[in-house]
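Following are the structures in question.
After this come two complexes, each holding chain A, first together with chain B and then together with chain C.
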Partner chain A sequence: MVDMPAPNPQRIVLPPHRERARRPRIVRLREWVKRNLFHSRMGTLLTVVTAAVGALLLYGIIYFVFVDANWRVITDNRWLLFAGGYPMDQEWRLWFSVSFVFLLIGMTYGTWASLGRRDHVFIVLVSGFAILLLAHGGAALWSTLWYLIAIGLLYVGYAITIRMPREAGPRRTLQQRIVTGLLIAALPIVLIVLLAFGGARPRELDGFVLNLVLAPVGIAGGLVLAIPLALGRASRMKAISWTCTTYIEVVRGAPLLGWLFVALFILDDVIGGELIVRAMVVLAVFTAAYMAEYIRGALQALPHGQGEAAHAIGLSQLQSTQLIVMPQALRISIPPMVGQAISIWKDTTLVTVILPLRELKGNADSAIAQFEFTPDRIEAYVFVAVVFWVVAFIMSRISQRVEGSLGIGER
Partner chain B sequence: MSSETTTPAPAVREEIAQADDIIITENVDKWFGDFQALDDISLNVREHEIVVVLGPSGSGKSTFIRCLNRLEEHDAGKIVIDGIEMNDDVRNLNAIRSEVGMVFQQFNLFPHLSVMNNITLGPRKVRRMPKLDADALATQLLERVGIPEQADKYPAQLSGGQQQRVAIARALAMQPKIMLFDEPTSALDPEMIKEVLDVMQELARSGMTMIVVTHEMGFAREVADRLVFFDEGNVVEQGTPQHFFENPQEERTKLFLSQIL
Partner chain C sequence: MAVAAGSAPPPPSNVPLLYRRGVRRLLTQGIYVAITAVVIGYIYTSLDLREFGFGFLDEPAAFKVGNQWLVDVDGVTNSRLTMYLVGVWSSLRAVMVAIALSTVLGVLIGVARLSSNWLVAQMAMLYVEIFRNTPLLVQVVLVYTVLLVGAPLIENVFNVGDFFFVSNRGMAIPWPVPDSGFWGAPEWFVWVWVAVLLLFAAAAQRVRANRQELERDTGQPHYANRWALALFAVGALVSFFALGAPVSMDLPMIVGTHYIEGMVMEPEFTALVAGLTLYTSAFIAEIVRGGIQALPKGQSEAANAVGLSGYQRLTLVILPQALRQIIPSVTNQYLNINKNSSLAYAVLYDDLFRVANIVQNKAGHALEMFFVIIVTYMLISFAISMVMNFFNARVTAQRI
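Our next item is the complex of A and B:
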């Protein structure tokens, strides 16, 4: 009864009229250079100046890294910087966690995105950096091996998941469910591996390990709190919406530093317990306020028709929120959420300032407090900065790629 | 259409509830703040009847049919759908919503779900239908609306006409007794309007009770059993297509028709 739509004249593509001769590559290159670098006198000047400054900078960096710097402050303090007070004989727990997370990263890429040439280059560079650090001095051969296993697992996870069908269907759904489930379970699993069954005590989480634990707990906890907060603020019931609004505005009214003071002094009297747990609570509570606002913005951006269509097919308010509204709102709010996550990642260094918790930056301070390393302050901080940047870069990269591939369902 | 008489239907028919009325509305008012969008509407629809609602922009057409599945809450009067009265009782509301399907001007498909999942969501979550059965039902409905090959795509990958046909399939998946259409072709490019109207026409022939807000006069003339003309929240005139197109009584109706035809 319904016939095939008539061919749409706009969709008809004709073959090219004639073969176009491609100009030689060198000619095209020359034109590109001319057009982009030397198109005018001013352009030429700018290009030359930029190139000169860049060369000088590059020279300075290379000279510092390879000639001037004394990297022994890092290599000799490897364990202090990365794991600090974590029991050394439990090192396998750290590597087990790293391997598990790398495997998951591989699976995430394989399921929702794909590794491009840039990603491979990045992985190789970071690995070179890591192996240089680990293998230096030869004492940590096992660690190097562990690292290689972890990277291997990343590619294994990727290879398995990338094979699966990309188009919608029951198998794809199953795969997405499994990987999503693993991602949700990852943090508890890692915490159990690190702490339970004869692992470290919470206060022994130290150095870079502490950053790597605090940030995800803050981000995940923040997200879990943020969803009801955002819904609450948008609620029609005034008591609920005022409560949530007050929470959000109060928390955003003071800097994280201030809230960490609260954790140190006030919460000590109120709930007591491990300092690190209080720090986690504060990070989560703080992050939640910001994330809630991003989610609320996304809720407002969703067309009304979505909720109406959900009701029209008989879904309850709860089902509509859970199945229709929230998944879309969360997707819209991915970019600002990642911004918030990266910001919390960097802000984990703040715990050193107030709390006697020692994360990477704090332990770098300890490293250069040793008499023989006092001249190597810059090396230590440059190293810390690079490590933070690498993780932040990975976070933004993954989110970009995942966001891109989720975009398929958007209008 | 069968019971046409030589005398034109009265301009405003006094509504008397009959046994086979599946939709009964009595003296329904709807206010938005201090603006009255529906003013004392009484309009009954028989089972299997196709009612086309016409009227200028802002006359309350959407508001009226949205009251029929409680996307809007009416402020006064009575609405009874298939014997169930619309009130604050949530069970009644759920019962009514599962009997009334709705198709929107903007399709309102769920963009994060595949076509298949758009259609099966209602049956699975509301009717607790097993996945396999729901999938089979969806496949059958996609065939009925003429796009069985699009099951695994996402809404954004379909043309407007295809999206609206998926939306019809999604509503039909709840196996409703009544279908409401709010300007289902107004957001479509001209070449896609026909494919959607064809599906609606087939639906009408299958005996579905339908209320259709539309400006497609060809559809109204061919398919409707009754035309209802809304203006400023009132039903100004109603009757058979023949009555409307050949012998409209009210000035407002004539003015409206002269502009639209």
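Our next item is the complex of A and C:
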């Protein structure tokens, strides 16, 4: 133990944890280290071994990133990886969409959560990463500028919404409705900006842009299909529940690659259209089956009294579902739904495997197929992994914050 | 509904026909069935079903399938169906190994995440965050690339004592094979030995149970595990030599640029299994953590109070109870491993999905091939669910 000052009779004695806080910082730090790293002989051994392994890994990573790796495979192929076959003279459409989405992210945070210090650090780190990539090649200045505008819009949206009063009231409701409406409208708006009025053709969606389009389409389409499917499966009408169950189980029975195989070889006869549209349909249909199961789980978790109470005050079946049951079920199912959304985000890479569509991983394959970059395969795939990780991490962070502010998991 | 059976009032007869519940339901379902029938009919008519049939599976394959193990087909005389089944066997192998490895790793990482050692907990969290949030495809391809680029060429193979090789053709280790032994006995003798081993295992289990009971009744130590292990080891050794050593180790060798004999783990297999293991173990770790955290704190406090060590606390008190919550979610992860094994396609490992694609390329019949694929995956999923339900029943049968 450390020498304590002689007890002062005038001094108010606090509970132990507050008492601990009174001691000097260095003493507390030493205690923390002892408690969390060296609390026993086994613990010390574990710490030493883990630290050694960790140091070795860290050294390996630093050596790879700063010494061994040739990142020119990424920087020289920046456009290929980012947008591939998207017409280069229409670049502003991409940046406009990115700015719009960033603005919305800022508004979402401002309305339902707040940005903490760790969020700012994360934004700065990701921005540094992005600018490092963008500040090369021909249009480096313009791309960097566009990116800075987008980040600026994130903070503008945040600054506007965070100042609004949080207390429940008509203004708060209006604000929530506006942001929710914008979030729902975001996907159609982005698609119109990208494709309509002289934009690209669908098949020109390529590279990272293709991932960024496929995943939201799959998620949104899946959600729209999932709600009737879940209700259908829970229905007491045998014909409906039976077909919905069959649909869900069959879709979940085969891997996504199998369904993409269907998009390539079988759906051509059924719905026709461009391959990319078929891939979107398959993604939505696939996601719907999984999401329907989560919603069904939430429906089952709801107390029976909710529906009965709605019935008792004279709501019709439709009103009860729409006003009482579904909002609560959707709220409960947010955590697994976000998990599914992240899963779909990662699964957008699969379109490269058997379809002749090139998303980020596919264009990384094209990048290393160039003669001068054949030795840099590991760099290319590490880059792809990092990019996917960043977006998935952002998705999980946003959902955690929103869950926290909606009080999900609490009663 | 909450109305007790029997007390339900008879439907009032003055309700218009269209507003009666039964009529409504019938009508809704009728409309629904009609719409479904139209949709299915549309799909049915738009498919080209003139040549529908599974006869093409019986024709000679005329393609090769790699990554064979314990089977030897050249694809010349074998039918397409045989080649597909070889692919199914390759899938099963990868899935089983990945399930075993990801369970072990997942439980370790999940427990480590709750470690009182800050550094260990942080490392485990880092592991989970990294592998859960990156696409499995990229992980598999990355491991594959590292194996191909990072391993030495087979000309300068990494060689440990002429029985363990690592090169860009994969890893080769010795493998037990049936042998005629020093009696010159036929090779099926190995199965006799296996049967004897099973007998000894059963006997050892019996001895263990008896001694455990004695220990419980008398309070004296009876060393149940040691006795059982000793019995099994002695029995195995004695019967091994009594039967004339029916098993020998097959040492790998390098001929030209290929391994022969031994057990070869090709980079494709390793990459697929490693990718599946890394990815799924991160999810299993989270499930294990959730299962442990859901237990009341009193459980581990009580284990501490009766003087159990950290390891005993985990294996005797915490994990057995947490299993109830863990098993259903982990079953889902096993089913995901099964479905995700189709990513073998990306590293050219000849699993069922890739062989099915080759067959489809050669023979067409996409619709039939898709039926075959989905039925196979469902059967494997069904088998996994059955096994896990059995475990679940055993776990939940124990009263806690």
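Operating definition for what follows: the second predicted complex is superposed on the first by the 384 of 411 C-alpha atoms of A that agree within 3 Å, B and C clash if a C-alpha of one lies under 4 Å from a C-alpha of the other, contacts with A are read in each partner's own complex, and residues count from 1 in each chain.
Please note the rule applied: a residue touches a chain if its C-beta (ideal position, glycine included) is under 8 Å from a C-beta of that chain, and two chains touch if they have at least 3 such contacts.
Not measured: the values here are computed from a predicted model.
Touch criterion met: A:Gln319 reaches chain B, while chain C stays clear of it.
In the overlay built on the shared chain, the residue A:Gln328 is in contact with chain B alone; chain C does not reach it. When the two structures are aligned on the shared chain, A:Arg377 is found in touch with chain C, with no touch to chain B. Look at A:Gly169: by the touch rule set out above, it reaches chain B but stays clear of chain C. Contact with chain B, but none with chain C, is seen for A:Gln306 once the two complexes are overlaid on the shared chain. Comparing chain B with chain C, more residues of chain A are touched by C. When the two complexes are superposed on chain A, the residues of chain A that touch both chain B and chain C are 308.
Interface residues of chain B, counted against chain A in their complex, comprise 69-71, 94, 97-98, 100-102, 104, 106, 108-114, 116, 121-122, 125-126, 145-146, 152-157, 159, 161, 167, 170-171, 173-174, 191-192, 195, 198-199, 202.
Chain A meets chain B in the complex at residues 1-2, 5-6, 8, 167-169, 303, 305-306, 308-316, 319, 323-324, 327-328, 331, 408-411. For chain A in complex with chain C, the touching residues are 36-37, 39, 42-43, 46-47, 50-51, 53-54, 236-240, 243, 250, 253-258, 261-262, 265-266, 269-270, 308, 342, 346-347, 349-350, 352-354, 361, 375, 377-378, 381-382, 384-385, 388-389, 392-393, 396.
Interface of chain C with chain A (complex): residues 1-2, 25, 28-29, 32-33, 36, 42-43, 46-48, 115-120, 123, 129-130, 133-139, 141-142, 145-146, 149, 310, 339-340, 342-343, 345-346, 353, 357, 360, 366-367, 370, 373-374, 377-378, 381.
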